[in-house]
Amino acid sequence: MHFSSDNWAGAHPSIADALTHHAAGFAAAYGASDLDKKVEAKFNALFERDVAVFFVGTGTAANSLALSTFNRPGGVSFCHREAHMLEDECGAPEFFSHGARLAPVDGIDGKINPELLENEIRRFPPNVVHAGQPMAVSITQATEIGTVYKAAEVDDIAAICRKHDLPLHMDGARFANALIALELSPADMTWRRGVDILSFGATKNGCWCAEALVVFDPDKARDLPFLRKRSAQLFSKTRFISAQLDAYFENDLWLQLASQANAMSDLLQDAIRQSSNARLAWKSDANEVFAVMTREKYAALLQQGAQFYEWKKPHSVGDILEDNEIIVRMVTGFATTPEHVSAFADLLG
Amino acid sequence: MHFSSDNWAGAHPSIADALTHHAAGFAAAYGASDLDKKVEAKFNALFERDVAVFFVGTGTAANSLALSTFNRPGGVSFCHREAHMLEDECGAPEFFSHGARLAPVDGIDGKINPELLENEIRRFPPNVVHAGQPMAVSITQATEIGTVYKAAEVDDIAAICRKHDLPLHMDGARFANALIALELSPADMTWRRGVDILSFGATKNGCWCAEALVVFDPDKARDLPFLRKRSAQLFSKTRFISAQLDAYFENDLWLQLASQANAMSDLLQDAIRQSSNARLAWKSDANEVFAVMTREKYAALLQQGAQFYEWKKPHSVGDILEDNEIIVRMVTGFATTPEHVSAFADLLG
Amino acid sequence: MHFSSDNWAGAHPSIADALTHHAAGFAAAYGASDLDKKVEAKFNALFERDVAVFFVGTGTAANSLALSTFNRPGGVSFCHREAHMLEDECGAPEFFSHGARLAPVDGIDGKINPELLENEIRRFPPNVVHAGQPMAVSITQATEIGTVYKAAEVDDIAAICRKHDLPLHMDGARFANALIALELSPADMTWRRGVDILSFGATKNGCWCAEALVVFDPDKARDLPFLRKRSAQLFSKTRFISAQLDAYFENDLWLQLASQANAMSDLLQDAIRQSSNARLAWKSDANEVFAVMTREKYAALLQQGAQFYEWKKPHSVGDILEDNEIIVRMVTGFATTPEHVSAFADLLG
Amino acid sequence: MHFSSDNWAGAHPSIADALTHHAAGFAAAYGASDLDKKVEAKFNALFERDVAVFFVGTGTAANSLALSTFNRPGGVSFCHREAHMLEDECGAPEFFSHGARLAPVDGIDGKINPELLENEIRRFPPNVVHAGQPMAVSITQATEIGTVYKAAEVDDIAAICRKHDLPLHMDGARFANALIALELSPADMTWRRGVDILSFGATKNGCWCAEALVVFDPDKARDLPFLRKRSAQLFSKTRFISAQLDAYFENDLWLQLASQANAMSDLLQDAIRQSSNARLAWKSDANEVFAVMTREKYAALLQQGAQFYEWKKPHSVGDILEDNEIIVRMVTGFATTPEHVSAFADLLG
């Protein structure tokens, strides 16, 4: 009953096998091996265009490098108030971009409200040095609270970016889960809608450690090789990431894993809907489930061996708690089984 | 005949097995798992004291975080002119420490000359703001040119550090190779000689991706958890590093691997000594071998399938080249076999 | 009728005279002259203790250096949502502190609400690296909207700082105006209440360019000489700042100038209270006056030669505007005369 | 007998008068006043083209902002080993450019040797991320040791910059002295020779505090307003700089002042040539004079009231000292008189 996070699982057996398979032999370091090139080509195929890909070690690295690509002095990037880069990255985006600021934008369901985004951008008129200058917009797909931006919602944000000539970043730590939820192609969920740069996460979905920064217009990636190296994210044996991603993409393994995670989330949501001891806090589209229960019930479940966390009530959710109630988060993943869910459902009652 | 670098090999089979073994199941993320704790305890045992250990993804990260631990405005760190952090890290140390400078110090055999170090430090008198202020000293063990600091040589540097109240960092990207060469214990090669902080490298010696920053006085590591996270080096599935290191230390595997690498280096040096087409540029103590040959011979060997690089003549080496001669570097590693060496020796003639 | 800002005036004649007086002759550069030492001693006398004083060129420099003194990786400093450092310094505080973040705290009347401050600090539990770590608290005295923190209000903030072991910074760009409003001594408005570091502004109150960073415990200022020099704020002819401050303090000139500014503000507030075309937006304690008027009236006054700006409605003020009404700001200064005020009052009607 | 530095003098009477003259009245802040615009126009006239001008408070600020204008990750800027930005700015250039490095280039007479510059740039091949990437070249005119780059010498450096597509910065802390020495127009000493950006110093030559960054192609200055504000160098009462520069340029005052300084330097050099107790260390072209004397003679002169400093023997000067001899530096300035020089000459004997 491990629902603490999708990073509590290890790696999918095929990923582990790939690491074993490629452990033997010699190959060029620092991303110049045939395997590295092969995986880069897979990214091109996946996104139906030539892209620039940069493997990195963490989602925080991908997000922070993404912003630093568009760095401006006095720069301000706009993201949702509950975005991972704002809440959970210890100032890495600001560090990587030399102090450029993250400005929180509100919006229900964990998604940026386009009108509020527009208002916030307008607070930084061009050429007014005191306030600073807009630099980028970042959306998280799927969001931190398990929802996903619908295609039209991405369009709305992208239109504002175009209007203000701002690049659009997508934090895809749970990219595959969003893709499954939306039934879109990778291209249709990203550059065809106006996304300029993507943090492509694979770690949560079955890899040990495999994240990639994808720049859809390779011309805009001129500085990234240096930015990555300077931030100590260029691995000598880059093949250890390529090997994981090679297996990850093989036979659409990645989509199967995300489907499994999302399906388990659906199952879990059903169980909660049927429970008399909890209710859904809101509907999740991807692999994070949020429920409301009493503090006592939560304590009892932990006691009985369930593993999951209390979650701070998001700003973007209204007044849904009664006295003594809390919100809890349960995350499903590639390694979650129906048995995990039903064992939890039994305990929940 | 792969002598390009010790990072062209993949991972040792035991390391790969460990990753497979730990791929299944769930465990706490971000370094809180039992396996993470177990490996931390192994570091304590290894160094015969309680140390603070921080796993990171690259040697550049370890070095750069090490310096940033002692960061000062206008800070100047002293390292050998040919140090990796100065020559090959794209300004990462300066980036991590917000612009603190690296000052090159000369010295023969790739090692800092203590007298020149003393002179260089004196260029920054306390309280003279214009010049800046000394911040740290860094030595590389083994050095970039395959030599190692003898115990007494580390003592000399450490004495200068103590005199000026400067922390001493050791870049141990090839720590195990130096250890084998010196026949010292880890404690005797580090903190017992005055080393304060160590970049402990395991990637070059058989891991896929496993580096650690070791702080010998844990009280001085207060900021490091935040520094590491802020630099995007805290891995969610930290177990993927712990698993590698667990196997690395098991039954002294790491020492066997470094012994193998060093032995192959000795073999290769013998072969070069006996060759009429090349000569040793200088004696190597660890797993990098440097030879002098003509440009034509180098081209011929490449043609015949040998893989190794021309090496820029180090500042710290005198006038050893005749017309048309170059220096080449050959690196042995855990995966180098006597067959590799003898095949190369045959070609060399 | 110049009410645009207190930095539209030039310098008080005594300040200008001092610059002329000290223009002749030679003296040690970089803060080592007798005049520099004399003015430093005046700061000691003023604050009734030995302080460390650092002259700088702008209020932004003083604020940003103040925060950088307490810099921490992943650091978060707390200030009012409308604080100058958050709204008007183009990210300088973040730049100087290498990406440390400013967290806005709400509160009515432009002042931090202690309870909200406590809540905000609690969002960063010690040792949780993801969120970051608290670093400092900053209050502005007088505030950006013309109010001042009463002594007890400073006490409340300082108590929270002590509880969380956080340094307290005071942005005193309008320090003298607050002092006059509160009828407190400099010591009683600062370190005796728990303020650790002060941006002491003199430019707005009659100098050309004279700001100082005052550290009440000189032991905590060890790095500041280097921080200041590194940020290009150490002036070679530091006497040009000392000369201004020498005259500024002479015969309590500074207090007279602030009294004049505050008195003109009172006069102006009276005029607005008596007007049928405007009303006070809120009561000002210092030298900034905020009024509500229609957009038409504002346009008409500008047309007639009055100089002042529309002001964005602060978050910390409730719903005080009717349709078509705006808030305007009028700033009085040392150079404002009763004639300026009455001319404006006549126009206002 | 004040020869310690050209920043030991205060301000020229005309400069002081200008500050008094403009002290009265009100004008727009932050560089928007008529006076600010008037002085900007004077820069255009001076350089015979439209330039972008940014007033700042220190030469260190001008130099550091200049480099940050061309900032690149892993960036390396090339300057002479004895350049002020490398020796005397406490890491400000690295801080402003987020850790970009300064690479020292040798050359006799304090001037970059073009061949060595070419060699040094070649150490950073395009697209090799390990080494970093070239970013800018900076020359100092007049140099730190009183020499000036001849027109053809600037041409040589500029040609290398063009070849490698690198911007050329000129540190003109003593711009006027170099101009007088070379008898060139400002345009001919800068952009017509390939200089892209200039630190224009006026402080040492008679102002209290007036430095400007001049960008010859205004299109390249897009980020500079934000860079300047973010580094706390945008003064609210910018008129205090404009007023100084207005008087500085009026009736070619600045050229008269530099002529005076250079003439006094010539007089002083003559005196030293005729002395039996000292000799010229090398010929100075501008307003810094370097002499060789015994340590005893130096001590005696200090005792008798002469003020000047011992100077560390520059790398770029050969073996010119005999036992017990030292190099001393004497700086003349706008306030130096023939009486100062002859009094010194009398003491020197």
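Residue numbering begins at 1 within each chain, and the chains themselves are lettered A, B, C and D in the order written.
Simple rule for what comes next: a contact is a pair of C-beta atoms (placed from the backbone, for glycine too) under 8 Å apart; a residue touches a chain by one contact, two chains touch by 3 or more.
Since this is a predicted model, take the numbers as computed values, not measurements.
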| item | value |
| --- | --- |
| Between A-B and A-C, the pair with more C-beta contacts | A-B |
| Label of the chain whose CA centroid is most distant from the centroid of chain C | B |
| Centre-of-Cα separation between chain C and chain A, whole angstrom | 41 |
| Cα-centroid distance, chain B relative to chain C, in whole angstrom | 50 |
| Between chain B and chain A, distance of the C-alpha-averaged centres to the nearest whole Å | 34 |
| Residues of chain C touching at least two other chains | 30, 73-74, 89-91, 95-96, 98-99, 129-130, 132, 226, 229-230, 234 |
| Residue numbers on chain D that touch chain C, as the complex places them | 2, 4-5, 7-13, 15-17, 19-20, 22-30, 56-61, 64, 89-92, 95-96, 203-204, 208-209, 226, 229-237, 239-240, 307, 335 |
| Contact set on chain C toward chain B in their complex | 30, 68, 72-74, 98-99, 127, 129-130, 132-133, 223, 225-230, 234 |
| Chain D to chain B touching residues, read off their complex | 73-76, 87-91, 94-102, 129-132 |
